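Each of the two complexes below includes subunit A, the first together with subunit B, the second together with subunit C.
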Partner chain A sequence: MPPKAKAAAKAATSDSKAAPEATPETVGERSKQRFYQTNPVQKRFEEVGFPGLTPAEKKTYAHANLILPVANRLVSLSNKTDREYWKHVAKEGLPCRRLKNGYRWGEDKHGRDIGTYRLDELKKRTLSQARLTALDVLHRQFLARREAAAARGEGGEISPEELDEEKKRRKEMAELKRELYGEIPGPLASDPEWDDVAPIPQTEPEDALARIAYPDEYAEAVSYLRAVMAAEEYSPRCLRLTERVIAMNPAHYTVWLYRFKIVSALGLPVLDEIQWLNGVALDNLKNYQIWHHRQLLLDHHFAATLAADPDAAKQFAKSETDFISRILAEDTKNYHVWSYRQYLVTKLGYWSPFELATTQSMIEDDLRNNSAWSHRFFIVFSDPSVSTPGSAPTEHDPKVPDAIIDRETQYAKDKILLAPQNQSAWHYLRGVLVKGGRGLGTVSEFASQFFTDLGGEGESVRSSHALDLMSEVYHKQGDVEKARLCLQRLSDKWDPVREGYWKYRLAELK
Partner chain B sequence: MAAAAVGQQPGPAHGSGPSISIPSLFTQPPVIRDELETDSSHLQDETVEECLPFLSGLEHDKVNAHGIPRLDRERHARFLRKQLGALPSAYVGADPSRPWIFYWCLNALSLLGEDVEPYRARLVETVRPMQNPTGGFGGGFGQASHLATTYAVVLSLALVGGEEAYDVVDRRSMWKWLCQLKQPDGGFQMAVGGEEDVRGAYCASVVISLLNLPLNLSPESPASAAGHTDLVSGLGEWVRLCQTYEGGVSAKHGVEAHGAYAFCALGCLSIIDSPHRSVRKYMDMPRLISWLSSRQYAPEGGFSGRTNKLVDGCYSHWVGGCWPLIEASLSGPTASPAGQPLQVTDEDDSLFSRNGLIRYILCCCQDMSKRGGMRDKPSKYSDAYHSCYVLSGLSSAQTKWRFVASRAHETLLGDDRWEASPHTSGVQIFDEDDRIATTHPVYAIPPHKVDAIRSYFLSKEGF
Partner chain C sequence: MGEKSMAMSSPDAQAAPQLDTARHIKYWQRCHKTFLPTPYTSNDSTRLTFAFFIISALDILSVPFTAQERAAARSWVLSLQHPEGGFCGSPTHAIPGEKASKGSANIAATFFALILLGLAADTEEEQRSAFAGVNRKALLRWLKKLQRSDGSFGQVLWDGEPMGGRDMRHSYLASAIRWMLRGDLKEGDEDWVEDIDTEGMIEYIRGVQTYDGGIAESSTEESHSGYSYCAIAALAMLDRHSEASATKETKRALDRGVADRERLLRFLAHRQFKYLSRQEEAEESTVNHLEAKLGDLSLDGGIPYTGFNGRWNKKADTCYTWWACGTLKLLDCDGFYDPRPSCNYLLDITQHPIGGFGKSVGDPPDIYHSYLGLTTVALLGGAELKEVDAGLCCSIEGVRKIEVARDGLLQSLKRQREQRGGWRADEFWGKAAEMVKVK
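The block that comes next holds the complex of A and B.
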């Protein structure tokens, strides 16, 4: 508290006639000045000590220091002396209230001593504090009104205008708090909609391992997330919260699982959710939680609608594959997207020529796109109309028609001719033959065209995979020497990084 | 980097000195190349271009007579210790997978020979809030339990060791939660309502066997209704259907073969029974071995994860780590009847090129800048994930693992005996000082840590 102006003024006249004091610049300087103003002769006392004071100063000093003890009757004076004493005090204009030295103004949010503030800075800060206090009063009134309105029940709602005002008010309060105290009340704490939720913050020891300096908004959002998940709340505001968290961290698997629960609990339209999800997927190509969420939505949608409505199912399959194609155009071997695509085809029975054709065009864009080859294998050999359910990919399936085996064998061969060292096509060819129960010998003529004069002077090999395959064919035919030659040449020249494997195969020949 | 050395020391410039010899296999493009160009071949060519200067020693200040730089243990250890410390806000994406960071860093540090026990108290207090009362660990406080993060926490606790660490795990609720994850088709979901894939099969097998959990299923398990009676019943059959026409293993039925899932499948099968029985029972061995072998490329020397995809240091473990399990499946238990040590031959009978892999790891995967750590390939930044799996791969390439004795009883999951010895046959291209610690072929942590946690929980009766 500043001393009374009157006392200060009078004291000043008696103390500093010689040198009028400079106007203080900082809050601390002003405090110091006021300390001296309210403690006459103190400065002289500090400079020269008591013995060095003039008799008049000694008197003033003694009188000033006695004021409180005398006033509090700690020193008892006779009536006359008492009267005399107060007369002197009045005459010299000694201040009754004396400030203490070294007043601490405290620190601001940056750790700066407020004593070092300029006077105008302090004034601004004080006004902000006053403003915050005023806003807080209005904020409390709002809370009280809302509570009263809720207690009244029906029709006792807070008006939208009031709500808007409160939102604005909280925004201003948040700004003031940040400015004054460095507190960062996040957007959720500032939103009246979330007043009833007590956020559960992360509590971790200071030296926790791999401790992440979470951005404030993220830390706030997941604190609210923990609270509503614990309360098993499934509501539109929670849906918005999940969106908020996903935008900040799409790898947060928990929020995705929770989001799906909300979507199903509220019976939200799946197509709207898919629409929203498309945007998220395009922004986060490598994220896989998105695709599991999509799979859950598909199951949900299927059970609720698509199972009973084949047309809708077909349409959905079409729009899904369109979107998948869009994503795959940007990331042609995205594992999770292909994985979802397979799930989609199975769930909706979308074993269509269209699906085969789009996959084929991806293979033809890049013959080495092994993901596309894998998908082709899947749609050809898992189609329940032409295959045995549960047949392993590595085993013969007698139900697959010969025509399909012929067609697929030819397809693989055609592609091998374009790039004989492309292992994707060779793997496919082998896979088809296994499914068809046909031996590798059925393609021996085809495979033999990719090498000539093996072991001879004019040896040339255009495909190590052909040699590999032929070694098995020769072995099966009982021609161990030829089989050995293939493997030996692979080991020595055509694929020597796999020498250990070729040697193992050589050992197996015996 | 190379220029820095010039002028400071006299001597032959690297690469040109007669003392350095590198097989042309690792300095030249492959002998067979198709003319047809596609996106995949462009990427492959770029990768070879990117690796060649590192493989030929041009990018390194100092290499040995085989053209191999030293393993900079101190630099990598510093990187890993830093990853375990305070992380900036850019790591917010790692919030759901922090337990992975613990495992990757602690395991990589162990492989580098660092003692990680001093992390025990901090780890214990960090993971405690991540455990859910309904069983299992999430990626952080208030996150749903997930098999991947649970696996990472359990392995991390095993790495720091000690009862204080082991006792963090609530085994009863863990068992209940695993029963919930067990599906009617025999596989495991990663989280309640989460995806079902072969990672789930592996992580669940690891957790069950390390913690010695009861195998019986709770009546509430979705698998109970389908007639399953225990946690691992039908699991081998489920994994079997993940093998694809290529011979590799996919995440789930019908998808593309992928190196990481191959390791998960073999790891899972090697836990639920001894590998010479289960891997051979459920996998088409010739196709599997052929596919795994095809993952190794020259001139890079490293492994790729899928057909026609690029090499990546992490497959040093995912694919490289399959080989000891394949060898064990082929050989069966190899203890000689009298308990005599097996005769060691000088011949290198490895199924893959150990030296090719070691070359790729030491030449291309080390970040030799101030940053340190291991990486996918030279153009990528190092991270904890790659540090862990590149070093794991290095370890298994340097080690000869032998599957010594099969479990006494089939219900003793993961109870096989394995023995490690330094792999010494053939040419050794790395300096002996750069031989790192061993890592268990199934559990991917140092073998004595596996023994310690297993014996602790084997001594527990019930929960």
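The block that comes next holds the complex of A and C.
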């Protein structure tokens, strides 16, 4: 359409003819200015309306607004009128390409209208966009070169310098993307080492249950973890990846199993892994998986090395118990740690005086530390040299020497004297007596010292556990009345919180 | 117990703290409808568990779900099913599409998934088809593979082997899953699946009682009321299954699986203690609970509080009220605790002003303690809540739905088989059925 082309050419000149105005402050203001520059008479029209325009202005206004409809043949004119029309447009230099009113520049990552940007701000943004585009070109070149190098086969690798450059480039691209668009590209996506892995991201519907506001880093790391686990890759980079995931979700139930598989597949030194694990354990005291992992490592290390090397086993037991003590110093009743300690002792046959001494010193620190009492029971009554393997804790074990039963009975008694209301020591005492096949009657004299004048005027009780124990002794001796009195006084006065239980025991006496 | 819970509404109970139901509803609705905050990332592997807490808490609070919410819960749970049986703990552990078998199912997730499917069913029709879509046979076979030769269970299969500690929790979950899905089928029935070794399970549980009568992870470790609950509930669920079946066991698993019942009862009865609220609040961190002066019957906070711990001498914690009271209830010994002071502890000490319960005094609410606090108040009759079942830790209404769902599933499997049988007579449908089978 020749007339249009002609008109367009003229439009440029009309632009330059526009009267100089005040320099705009913002991008939006400049757009507005350009709108008026490309829409002659528009401003006048807005001020006075069509009727208020001079005839010449009316004519210009009408011609200007008809340019597009006429050019697009939306308005059909006779040949003559058409010719006349374009002649006029050309003469006046009316702009054919015109800005629309209220142009929207869109919003930036903060939701700010780019129209409100100052001109220098827009310039900066545009330069960043240009830089990103340029980097993207170089990045694509890198990918192409790498592909070509791989195709050449051996010796055709990308140089470390080039790789370094690409890493820097991606870092810069990531920063630009974040600055411009608020994209948060994870560290893995921008690391060329992971280019060959297609992550398996987690997608779920909006109405999924128990949704968590995952940090981006976690979502990214897990998407890569899913991919490499599915591909059954066991490599150093996967080991590092498991570390990332564990740092954010130590309760992930398969990442630990996967990690163990990597450690064994790569033949990594167990001691290094344990060294690393120590730090994780100190950061996550309540985590269970850490200690299960440690158990797997112990089994692995035992089978590979320790079973055949008693010295190494001893040394390992020592370093392990040192670390366990360190953890227990922070959390004296940590269930997982005590469990692992038992596993270690059993596996390595570490039935040492040191273990017994440890429980002793921990009990002295806190007489009510039941974990330490429990460990003591294990050390004393599960040691295969003085006990029957598999003997239940609730049954008599004739293999345990009397001297040991005597020693432990005395130990418990000594501690009870220090704190007569301590549940742990009393139940330990009961446990020892069962192991020794001795009746509760053997400690009746001891237990009786904790109460006087039961049911009488001067009744005093220093240990409810003594009353409980004596009720059983009296019952066994056939003295139901005395047994009843013990339980009744527990229920009424000395331990009423357990009233229901004591009533049950009373009912059982019959 | 009924008598005691009546006492809660007696005139002298004016000072008794109440459950702030409206706040609890708000708390759980927030958990239901919005993202859990970022620190919950470390719980990502147990999202199904959390989903159960959320839905079940709202159920206990009698908050109805819309049809859309029910459908959403259902489809989300089913999206976590593993093709080789069981459910994955969260979308993190489930892989969509062709690589689905590379995901990893987990025994706890499977337990919670099944209950959730039951709770998400409302109408009779929904209840009957609540387990539709559950690959029952694969699930039960997978469950069997999780059992070790010593009778214990692992939590995941890894390279075909059960992995995870010899943990009493897994025995409980296995027993409950079996009850929810197995049903009373005879060997020879096409939907019959080889059972887990229940005798092995009972033997294993019997062997983990410790010297003080409690139950631990193994017989040499420290006894713990949480493990005690799991052991007893595992046995109770075995009994429930055999009660519902035609071939009843002559002696209850609950009797056979406990070596020394009297010692166990002593252990459980001693999990409670008089909670000294004023002193506990003033006390800096200690590892032991404060002992009341022996024989001192005064009330330090004006009303009596009973706290529960999980191990000898330890401090009170919201969830241990459930573990101890729930276990005693299963053992028919609910007279061992006094519901009112036990509720006082929960409602006055750990109930949080924004709703939910914290772990101990002064702690912010978290999903786990909020749920067990709520179920315990329901168990003890401390508020107007749906009645809860001590064995499955959800509403009794929910338990009924699960029973309906199991029967519905078995019937529909039978129906499908009969239809397939009919098709075989016809050449076209017979071929079609074959094709489906290959796929």
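For the reader, a short list of remarks on this structure follows.
In the analysis below, the second predicted complex is superposed on the first by the 426 of 510 C-alpha atoms of A that agree within 3 Å, B and C clash if a C-alpha of one lies under 4 Å from a C-alpha of the other, contacts with A are read in each partner's own complex, and residues count from 1 in each chain.
Here is the rule we go by: contacts are C-beta pairs under 8 Å (C-beta built on N, C-alpha and C of every residue); 3 or more make two chains touch, one makes a residue touch a chain.
Please read all numbers here as calculations on a predicted model, not as lab measurements.
Taken together through their common subunit A, the two structures put subunit B and subunit C in a clash.
Of the two partner chains placed around the shared chain by superposition, neither subunit B nor subunit C is touched by A:His139. Contacts of A:Arg169 after superposition: neither subunit B nor subunit C is touched. When the shared chain is aligned, subunit B and subunit C each come close enough to touch A:Arg430.
Of the two partner chains, both subunit B and subunit C are touched by A:Met229.
In the superposition on chain A, A:His88 contacts neither subunit B nor subunit C.
In the three-chain superposition model, subunit A touches both subunit B and subunit C at residues 200, 202-205, 207-215, 218, 222, 226, 229-230, 248-249, 251-254, 257, 292, 332-333, 335, 338-339, 342, 366, 368-371, 374-375, 377-378, 381-382, 392-394, 421-424, 427-428, 430-431, 434-435, 461-464, 468, 493-494, 496-501, 503-504. By the touch rule above, subunit A contacts subunit C in their complex via residues 200, 202-205, 207-215, 218, 222, 226, 229-230, 248-254, 257, 288, 292, 332-333, 335, 338-339, 342, 366, 368-371, 373-375, 377-378, 381-382, 392-394, 421-424, 427-428, 430-431, 434-435, 461-464, 468, 493-494, 496-501, 503-504. Subunit B meets subunit A in the complex at residues 25, 31-36, 38-41, 83-89, 91-98, 101-102, 105, 119, 122-123, 125-126, 129, 138-144, 146, 191-195, 240-241, 243-247, 250-252, 254-258, 284, 287, 289-291, 293-294, 296-298, 301, 306-309, 348-353, 356.
In the complex of the two chains, the subunit A residues touching subunit B come out as 200, 202-205, 207-215, 218, 222, 225-226, 229-230, 248-249, 251-254, 257-258, 260-261, 292, 295-296, 332-333, 335, 338-339, 342, 346, 365-371, 374-375, 377-378, 381-382, 390, 392-394, 418-424, 427-428, 430-431, 434-435, 461-464, 468, 493-501, 503-504. Of all the residues in subunit C, the ones that touch subunit A in their complex are 31-32, 35-38, 40-48, 50-51, 54-55, 68-69, 72-73, 75-77, 79, 89-93, 95-96, 99, 102, 104, 106, 155-156, 158, 163-165, 207, 209-213, 216-224, 259-260, 263, 265-266, 269-270, 272-274, 287-288, 291, 294-295, 297, 306, 311-314, 333, 335-338, 341.
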